[in-house]
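Dropping the structures in below, format is structure tokens.
Heads up, the next two complexes both have subunit A, just with different partners, subunit B and then subunit C.
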Partner chain A sequence: MATKLSGALPYRLLKRCPHCDSHVPRRSQISLSRQRRQKLSTSQGKLAVAAPEIDLSTIELKPPNPTHARIVPASPSYFTGRPLYIDNLLSLQSLLRKYQTLPTVEPGLAPRVAWKTVSQYRLVVGEPVRPSKYTFVLRILKRLNQIHPELVPPELQDELQIYKRDVDPFANRPTPGVIDEFGRSYGVGRRKSSSAKVYLVQGTGEVLINGKSITTVFGRIHDRESALWALKATGRIDKYNVWALVTGGGTTGQAEAITLGAAKALMVHEPALKPALRRAGCITRDPRRVERKKPGHVKARKMPTWVKR
Partner chain B sequence: MSFRPCWRCFLRASDLSTSIWQPSPARLSASAAPFSTSTSSLTNASADRSTAFRAKVFNLKKEKPKNDVRAKRPAPGERKAYRKRIILSNTNALPIYGMEDFTVENMCKQESKGMVLGIPGNNVDQLRAVEAFKPTQAWGMFRRPGMLVRNETVEYAKLLEELQSQGKSLRRVLVGERGSGKSVMVLQAMTMAFLKGWTVINIPEAQELIIGHYDYAPLSGSSPLLFIQKSYTARLLSQISRSNPQLETLRLSSTPPSNFPIPIPANISLARLAGLGASDPEIAWPVFQLLISELTLPNSSIAADDQKRPPLLFTLDSLANAMKDQTAYMTASFKPIHAHDLTLLKTFMDYLSGASPLPNGGLILAATSASNPPPNPSLDLALAKLETHSASQSSAPSPDPYNPSPATPNPFYTYDQRVMDIFEGPNGGQVEVQRLPGLSKEEAKGLMEYWAKSGILRQDVDERLVGEKWSLSGGGIVGELERGCIRMRI
Partner chain C sequence: MNPVKGKIAGLTRAQIYEIRRRHIHKDREIGTRLSAEAAQIIGPDINPALNDVYRPQSLVDDPPKPEDVTLEMLLAAQCHLGQHTSLWNPMNSRYIFGVRQGIHVISLEITAAHLRRACRVVQGVTERGGLILFVGTRVGQQRCVIEAAKRAGGCHLFERWTPGALTNGLQILGSCKLKVVDEFDREMPGYGDQLKAMPSLKPDLVVCLNPVENWVLLHECSMNAIPTIGIVDTDANPTWVTYPIPANDDSMRSVQLIAGVLGRAGQEGRAERFRMAVSGEVLFSASKLEPPGTTANMATRGAAQEVHGNAAGDAG
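And now, the complex of A and B:
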């Protein structure tokens, strides 16, 4: 009946069933159950038969009266609380059932995908989907994403695309550093309000910072050591020459900005040093800045002295 | 007659007619406060009446002792002596067996490079006499004083050899980063000169001469007016006589000027002459003048039986102080005196500029100081010009309009022509400027091994450590290397 009446159905309801392939029409379900009931009744009919079976072929059917038509929703989930969500979940489950035998990759090697967050998903479906319910979707998505990338069927690809974020943050990869024609690698480091551009070239351990020697720039030995810490921690201090330009901030910030820049530049020469550099604390940028002053406070946190009256 | 007690003093006045109530001033002072436990001398001392009264108040509280100084205060001059003392030995440091001494032979050998050689004992005394050791240097950490033979040391040894053999003279200014070893280079030059029998005169710190710590007086008959520093000159003469034993053999060969303040025997030894000046500051300046003129007499003009004059090494440390246009000394019209109007500094500057010749050869060596020097744009410009001049002879520098070289005069500065004339004057063109670079890694390794052998550096001296410390010390700046390895140990 749904197929017959589809021309008369409102657009909104028609749109409700985007995946009709897996969808069994309501009418056939009804008729099947009726037949089953009749079969049941016939099996028991030997004991008690109310009436002979109606032979429908002999009954002259009147042409249907459109005014008697009952609108049947396109989606079976129409009467659930969140029909689109249920549709999506069912569709994903059927896909998983269909492709669950496809070979998968190792857990860590699946392509990194940023799935839509629950709030982004809510905007798409327009339904108040709970986070706990969305995790069912996510669980299936993650399983489907494990399928070997070369074997993913186009149908599945299209389906997964719906759940991916519009902007893929993992696609935004830093351009890999290169060693230029003079053998220099380049890295930028920042700390507090300092910023350092560091060039590394294979050499004998000479250091020039803003065109001056390191002893002139950093009076404290501690600052010198932290500036060259990336090289010192990896035992490369006498293998490279450092040429850095550093601006902003004070001595500590400048020295530690050079650390980060030198570590990045060193990773261009020797990418395998990344774990060692991470252990030495030369990879992660320290995001701390000066805390702002607040109204009512003397400084960021300090309160004025309490005065009687 | 009733016995009426005196209620103030609880004494029984046996006789009222006694002079208690009509005391004489002398008596009053002796018994003004009969009940007080303080001695009468103390009451006398307090002339103020109110304090005298207060002394009588019965006080239950224990009075604070006024001079609550438990520690012994240092005697006058003790702190300065402590600050300036030179320690040349440390019995806790390990002795290094087989450490060679600095000799005339091994100081110019290429093989000695990177080795630490000990300073011979009598040379230590001489160097101590000329105040070549500085309190800031790390002599007191080692068993005995030793010096690293660096590339420049060998160059100096060869240079001194050449100057002596050819009778030539050279004027040189040492520049370099702070802690790059300029003062020690001067010390090494002095050691070599002592070993070779040269005469050495050293002004250990030019700042001492200009900050007004020594007495000064106008030099009569000088035009423009010059100023002498009698006691410093006497000190310098004492230093010369103690450190240069060869002066004993040198005899006065010229007659002293007619206005010489004291009569001196004709054949007096120069050591005796210097000793005379050292003992009496009043005659120190004329004696110094005579001594210098004697030392720089051409050997050709000396009688055959007299000893020939050895070459002269005249050194001065902290050159920027000697170039100040305003010293702490004032003229009679209360204008600051230019450093070059002080006779001792003028003498040195005349030699440095070449106005006074060194006929028997010698070396005039001035070291700049990078530790808190007074700003002196004239000196900076003059030295930069000479340095770029000598550099441009080897390779032509590319002109960079955005980064003007320090050898270009700054239009916003005023330059002192008297300073510029020393380096640019008629004779000044030949002053050499030598920039002391950092140590090479081999030299740094030799030095660090010496520290390790002395038990001060407790690490394995290998390529890695040397490379690391070399980089951290700005490319082998000795002072920084020392600071990073042996001073700032945790």
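And now, the complex of A and C:
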């Protein structure tokens, strides 16, 4: 059968097809010309073949001879200028190819790992690695981290350990609060320059702040409501008794400090209330402080009247 | 599990596929066929249509040897497809076979001849213990460049070439480590102090798979009298490289085939070097090194530390 190419080839590269009466391309063995092929076939009866590869493991090699010493790069990535980074990348890629069929978990459920930062990695390899290049390494690390924790091979664990930070910040977890023998939980809250220590115990809804009732301490209804907002928002005003010691600042600061302290103490009793308290705005410590007055200003921001002349 | 012939007692479909994938027959003409041992395990014709299938990974894992390259193979790998006729470089007119559908078609006989010559050069360099740098900076060329360098015992480069790595080697490659090896490529310890004072290395031969993008590298090579081999498409300048291989540099299959064949040539040259070394024959002259631990070495070590300090060693 004539192929499309047979029309374009010169005559000497074509031959007649025995099955159909047309020209087909001749298979060319470009490694041997016709004369050489004939010479070899007549002289040896078959085509010459190369000697078998030498197996160095079976031969007694002489000890290293300094007269034949030559200098070569220590790594095949020498001419990249960043051989250690490239070698790391290639070894991670080969590990990924090897273990890519292992089952993985969803990215959110993988163990939380603090990988080395670019600066830390640069210190390890001693090469000027760009952050954009380091992201290739991080991408593979994150994919390898997604392998199911129970199925991670030891070889892979050792390799990943090199890229983890020396100190694992996620291992630093706050100690959970405890309820003492009297059934009290403890929480600390701060706002502006006020600081509040709040004790919460199962009870009927009594509140004492610095030994006084809440109406005596906070004249403003807004402050009374915001101090107990954590209990009000979750509907537990009548379930707990509150004992608070608060110092520093003014009325609003002290009231908001009690809010935060009471919320933390409530979470010791009922940890499941955290999402509800977050929606109520009781979890975040408000970091705002009074801004200092600056020279040239009347107050922190207010400036004297601008005069044209 | 599909009902199949042969000794497949208890094998799942995935296991059968794995066996087929691993037992690649060395049929370089068309692609891969089942080897005799694999056929014994899972039966000869599980699906005849799968026997003569092209497996792209075979070009990287098991490329053909230079003597096994045929025009059919080059054609199947699309090595003959040049660029559009409007983009051609007239210096390449001697390599062009004709025009078809608006593109120049490269003559595969010429491609094959130039490829054979390049293979002979690579083999000769590796026989003499030379250092070959394989360069391929396009997407998809990383694997074949690494494999070719591994076979030839050379170096690879698949990301951007840092300009000045040859002309300003002390600055750019100064902190990259070197080692001393014997005629069997075994590392010889004890030369660390001498290596710290050594200048950066230059390759003895550079194989570039995309010379159009790496003209800076090729210019540096020409300034340092380093011969180069390059895949020259119809739009490239053939005078940039010492040994052009007129072929398609845009197709991954074409590039992987050529890189694989050159890697095989390097492998053969390296094997020949080891064969000669066993009988005591060495075709290269040794580097000028003092034997480790001599008094002369101690003196130079102190001088080298004074001049260069310990920065290179500590940073690496």
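By definition in this document, the second predicted complex is superposed on the first by the 233 of 309 C-alpha atoms of A that agree within 3 Å, B and C clash if a C-alpha of one lies under 4 Å from a C-alpha of the other, contacts with A are read in each partner's own complex, and residues count from 1 in each chain.
Criterion: a residue touches a chain if its C-beta (ideal position, glycine included) is under 8 Å from a C-beta of that chain, and two chains touch if they have at least 3 such contacts.
All values derive from a computational prediction rather than experimental measurement.
Contact with subunit B, but none with subunit C, is seen for A:221 once the two complexes are overlaid on the shared chain.
Taking subunit A as the reference chain, the count of touched residues is higher for C when subunit B and subunit C are set side by side.
Using the contact criterion defined above for the overlaid structures, shared-chain residue A:307 touches neither subunit B nor subunit C, since it reaches no partner. When the shared chain is aligned, subunit B comes close enough to touch A:213, but subunit C does not.
Of the two partner chains, subunit C is the only one that A:80 touches; subunit B does not reach it. Legend: residue contacts after superposition of the two complexes on their common chain; A:205 is shown touching subunit B, with no touch to subunit C. In the superposition on chain A, A:232 makes contact with subunit B only, while subunit C stays out of contact range.
By the touch criterion defined above, A:71 reaches subunit C but does not reach subunit B. Looking at the complex, you find that subunit A touches subunit B at residues 204-207, 213-216, 221, 224-225, 228, 231-232, 235, 237-238.
Note for the complex: subunit C touches subunit A at residues 66-72, 75, 97-98, 100, 109, 112-113, 116, 129, 131, 133, 146, 149-150, 154-157, 159, 161-162, 165, 172-173, 175-186, 188, 191, 195, 198, 201, 203, 268, 271, 274-275, 277-278, 282, 284, 286-287, 289, 291-292, 315-316. Of all residues in subunit B, only 177-179, 441, 463-464, 467-468, 470-475, 477, 480, 483-484, 488 touch subunit A in the complex they form. Remark: subunit A residues 5, 8, 27-31, 50-51, 53-54, 56, 59, 61, 64-81, 83-84, 86, 90, 126-127 touch subunit C in the complex.
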